[in-house]
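Attaching a single structure in structure tokens format; questions to follow.
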Amino acid sequence: MKYNISNNGYYGDFGGAYIPEMLYPNVEELRQNYLKIMAEPSFKEEFNQLLKDYVGRPSPLYFARRLSKKYNTKIYLKREDLNHTGAHKVNNTIGQILMAQRLGKTRIIAETGAGQHGVATATVCALMGMECIVYMGEIDIARQAPNVARMKMLGAKVVPALSGSRTLKDATNEAIRDWINNPINTHYIIGSVVGPHPYPDMVARFQAVVSEEIQWQLKEKEGKTTPDYVVACVGGGSNAAGAFYHYLENTNVKLIAVEAAGKGIHSGESAATSVLGREGIIHGSKTLLMQTKDGQITEPYSISAGLDYPGVGPMHAHLYKTGRAEFISITDDEAMTAGLELSQLEGIIPAIETSHAFAIFDHKKFKADDVVVINLSGRGDKDLQNYIDYFKL
Amino acid sequence: MKYNISNNGYYGDFGGAYIPEMLYPNVEELRQNYLKIMAEPSFKEEFNQLLKDYVGRPSPLYFARRLSKKYNTKIYLKREDLNHTGAHKVNNTIGQILMAQRLGKTRIIAETGAGQHGVATATVCALMGMECIVYMGEIDIARQAPNVARMKMLGAKVVPALSGSRTLKDATNEAIRDWINNPINTHYIIGSVVGPHPYPDMVARFQAVVSEEIQWQLKEKEGKTTPDYVVACVGGGSNAAGAFYHYLENTNVKLIAVEAAGKGIHSGESAATSVLGREGIIHGSKTLLMQTKDGQITEPYSISAGLDYPGVGPMHAHLYKTGRAEFISITDDEAMTAGLELSQLEGIIPAIETSHAFAIFDHKKFKADDVVVINLSGRGDKDLQNYIDYFKL
Amino acid sequence: MNRINQKLKEDKKLLSIYFSAGYPNLNDTVSIIENLEKNGVDMIEIGLPFSDPLADGPTIQASSTEALKNGMTTEVLFNQLKDIRKTVTIPLIIMGYFNPMLQYGVEAFCEKCQQTGIDGLIIPDLPVDVYNERYKATFEKYGLINVFLITPQTSIERINFIDSISNGFIYMVSSASVTGSSSGFGDEQTNYFKRIKNMKLKNPQIVGFGINSNETFNQATLSAKGAIIGSAFIKHLSKKGVNTIHEFVSGILR
Amino acid sequence: MNRINQKLKEDKKLLSIYFSAGYPNLNDTVSIIENLEKNGVDMIEIGLPFSDPLADGPTIQASSTEALKNGMTTEVLFNQLKDIRKTVTIPLIIMGYFNPMLQYGVEAFCEKCQQTGIDGLIIPDLPVDVYNERYKATFEKYGLINVFLITPQTSIERINFIDSISNGFIYMVSSASVTGSSSGFGDEQTNYFKRIKNMKLKNPQIVGFGINSNETFNQATLSAKGAIIGSAFIKHLSKKGVNTIHEFVSGILR
């Protein structure tokens, strides 16, 4: 069994590029060039240099002493929250802005849910002096106000998506429409391992730095490159893809993907795609998605804007279908509680997206000598008001 | 000329421990032990490990390409904004919490202005499972709301200081009062290079990791360990102390300390201590401070809560008096503009405190081949609302 | 012979109209179709509404959303159309996104189209190569013409490839844009129309996107076989209702 | 002989009262002092207000702030007191933070004290060793007694050192706390008072902090020579005004 992408852009049954002809030249240009460009020494050098000096990589692998004690296992946190801009998202936007430059693009568009990808995109656009337009659902603009403010400070234009559920899915639709309208000078920086091939693979490769680092960091700390478990939350799935990447084909490493169950998997207000989804097409990719019997895409719900998406990337659809990864769904309440617990046990306030990954301990028991790496995908600064309101602090 | 501290706790004429007898046992215990404890291998190891795995050190030294181009000189940014909790403050709180543990203390108090030190203290208290009380001026609580929220998430108690100017100075008074009332079990984690000896020296030593890293990072990038200039903003002066530390006695390296001129040095609403201050005693230390003819401490003003302090640490008083460092005062408006410029040129939104350091280019010309290191002391997430309101973004 | 091919042989410029099935009211579908035919429209694209129509501009998006709210589904549409061939003879094409068809089952969907008297499909997000490899046989088995889009950015090789696997007409998107965005054609468009004409493709071209008036219809059909109007017609429906379709069509064909 | 030393020789428990000069009204200073003496108070600490009184609790802080607002300064205080020795004979001590004295000039300040008839100083933030090294000679030149504090946490060695350089009394802080916080003394305090008594220091001890009633005054002076009341007196002034000082003093000495 092969878990990574095939030459023709599929993970098992999932993936491909189901795009309107208007996008074909852009996507095809990218498909033909992305691997070549990523292999260029000058690209690699610039990418690695920026990751080091600008993003602050390597992000630490931190042994969480008090959390480990509480759950009687060995928990390491991969500190993507310490990246510049506060989440894993920037690994990808650094890569894509360099890609866009090499493709001769001058205008950047992006969608964003939690705003982290929007901020990470606005950031690299400022860094490179490029025009930046970020689409963001109207609801997410309200619930992630700090990130909207950051994008404005960075000189980006934030355009509200007013259709549908007015969240990430709709922001993505708007971004795609913009791209259709601006096929020559514009690069679309997708923020997760979703979208038409080659996006899922390209984004996963940029995020793969996460598991690459985990390998040598774990070697330093535990004398081996492989943990027993890697745990990550899944919205589109980019932080999980990055954390899983180098372990995909090594089945000794168990992979746990954590989805948002919202108010309960079967409450009608959920984003638990693996449980509720069926195969279909969303945003140019064949994958699992939540949809009506009729094939209309369902409006998802999660307290976390970044997991409030009705699909998962095709890699994750494949990992789910093959059983390579275990999928666990976590409710809003469980996530919030886990976020507070991490704050007070380890002094790290996680993004609410990330909090979902920390809520698995009631669902999953680990052995005392299991090495469990949790990808701490982002920090919670953007979510403070939500936490405060929730806990009435 | 010697610029660092003397054996008896003075920088030239400045320093000492002008404290009420009630504080004597605490301060004396610390004075007698701090160097010994800091020299213990187990202390060093734990400190360095936490700085690496938890804080995310080394913080990068980043060559700011677009900024350098604009000002036609070579500007490197020391990225303390990438530290866990978002500023240099945590270097010190990590050190002090380990110190407090070794002194057998179980309860931690702190003052905070911008809230960064409060957050950094609340963070290390969560990490070590210690009780934490943070004093913060009522006005600062209002203008740095995100950091108040963070402290609460981290389980700290935030107590408003209601007297005087209701800012950092008064929070410090309240913290000292608490310490007087709780002399046995409590350690006071001061957040800057202020307060009675040995605090200024202890905090400077914990922050010295900044210039220690700059040395080898610059060696990698420029082939030499010394820049031509080191620039840092000064509230109490801890980030400047850290950035200057290893260069203090090397006068080839020019030091620039940037103070807050508020609405103008002579507007009556300012915190430009070097210009407006005279020798005196504040918070247990002989130093420069803004005061009336009669010796009453003046209520300072700056748009940035972290620079809104009527004194500077004794090291800086000495650097000023001896001319070892050049002091430049920057107004609110200049700082805000510089903060926006850094955001849009380099994709880095600085704390408003830090923005002051980036506003010197209208006051100070550098040569094209000068190597100028600016200490990017903190990120601006806490200040977004202030920026947005100011620029009506 | 498929009605589309027959129609394309007629010696005239063809006017094709798109509308979202189920809009403005769920049961307007049939009467809109009949009305359009009555008023001289040559071909109709029946929009099967989709929740996330990412190639569509605001007008068609809004009408799709409204149609879904009204209760439109694939099943409902086929039901509404089940007797359409008793009254309507012009070519009927279903235009919709791929996911609803996939969920219905592609073969079932095609079979149902055939039974209903649908002549062809336009599926913007079903790429040519996927169609070619996986679905061409099925479409052909049920006598359905699949219509592909080309844009000003489409390369010559690709146009030739699309032409080679097409067997009806080519949907020539007037400019790179979502539906409903352009206002009038400039040199760029007319040059593009000419350029394609000069390629002498085996399939005629029908222009879509940005046609909203007699003028743009005439411009578009100078080089092309016909033109498709979508957003402009839906705007007319929204403002003036189903009973004034003659006004709209005569405005175009004036 | 300094009035303080004379007073300490009297065979009685001494009541000393602290108040913030310039509070409640700027010019109340003299009449408060005269009133206190008239009502049998043995010694007075005249508080020189400071903007940042970090060893004081809320009551004294607030009175300091108010006094500063009223216009109190070092200069004003010395002016108010310039004729005080025409009417008042009990020992007068200025209690204040070091910075205002430093700004006035320590020597000038001491000289002015002598001229005014001030007998001693209590400067909580002037540490013993700094005093000893830098200022002792000046204080002595102007015949001023400097009073040092000890607390329950002060080590025996340090108490002995403080005793050795003191030449009046030792200010025994009742518990580790800022002013105005305690309510009554427990075993801890009384043991501490006894412990110090048993050290048989050369300087008598006067207890301060937390004395607010006849009961706490008696408790404090069981082992000590006297006691100082600050916050309780200021609270009384705030509530009942300057004219009822007799009420307060008689309540304590009842």
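Here the chain labels run A, B, C and D in written order, and each chain numbers its own residues starting at 1.
The rule we apply is simple: a residue touches a chain if its C-beta (ideal position, glycine included) is under 8 Å from a C-beta of that chain, and two chains touch if they have at least 3 such contacts.
Computed from a predicted model, the values in this text were never measured in an experiment.
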{"item": "Chain separated most widely from subunit A, comparing mean CA positions", "value": "D"}
{"item": "Centre-of-Cα separation between subunit D and subunit B, whole angstrom", "value": "37"}
{"item": "Whole-Å gap separating subunit A and subunit D, where each centre is the average of the chain's CA atoms", "value": "66"}
{"item": "Multi-partner residues of subunit B (at least 2 other chains)", "value": "none"}
{"item": "Overall pattern in which the protein chains touch one another (line/ring/star/complete/other)", "value": "line"}
{"item": "All chain pairs that touch each other", "value": "A-B, A-C, B-D"}
{"item": "Parts of subunit D lying in touch with subunit B, wherever the complex brings them together", "value": "50-57, 61, 65, 68, 73-75, 97-104, 124-128, 130, 148-151, 153-155, 158, 173, 176-178, 181"}
{"item": "Interface residues, subunit A side, partner subunit B - complex", "value": "52-54, 56, 59-63, 66, 79, 81-84, 86, 122-127, 129, 146, 149-150, 152-155, 340, 343-349, 380-381, 384-385, 387-388, 393"}
{"item": "Partner subunit D, residues of subunit B touching it in the complex", "value": "16-22, 24-25, 163-164, 169-170, 173, 176-177, 180-184, 278-284, 291, 293-297"}
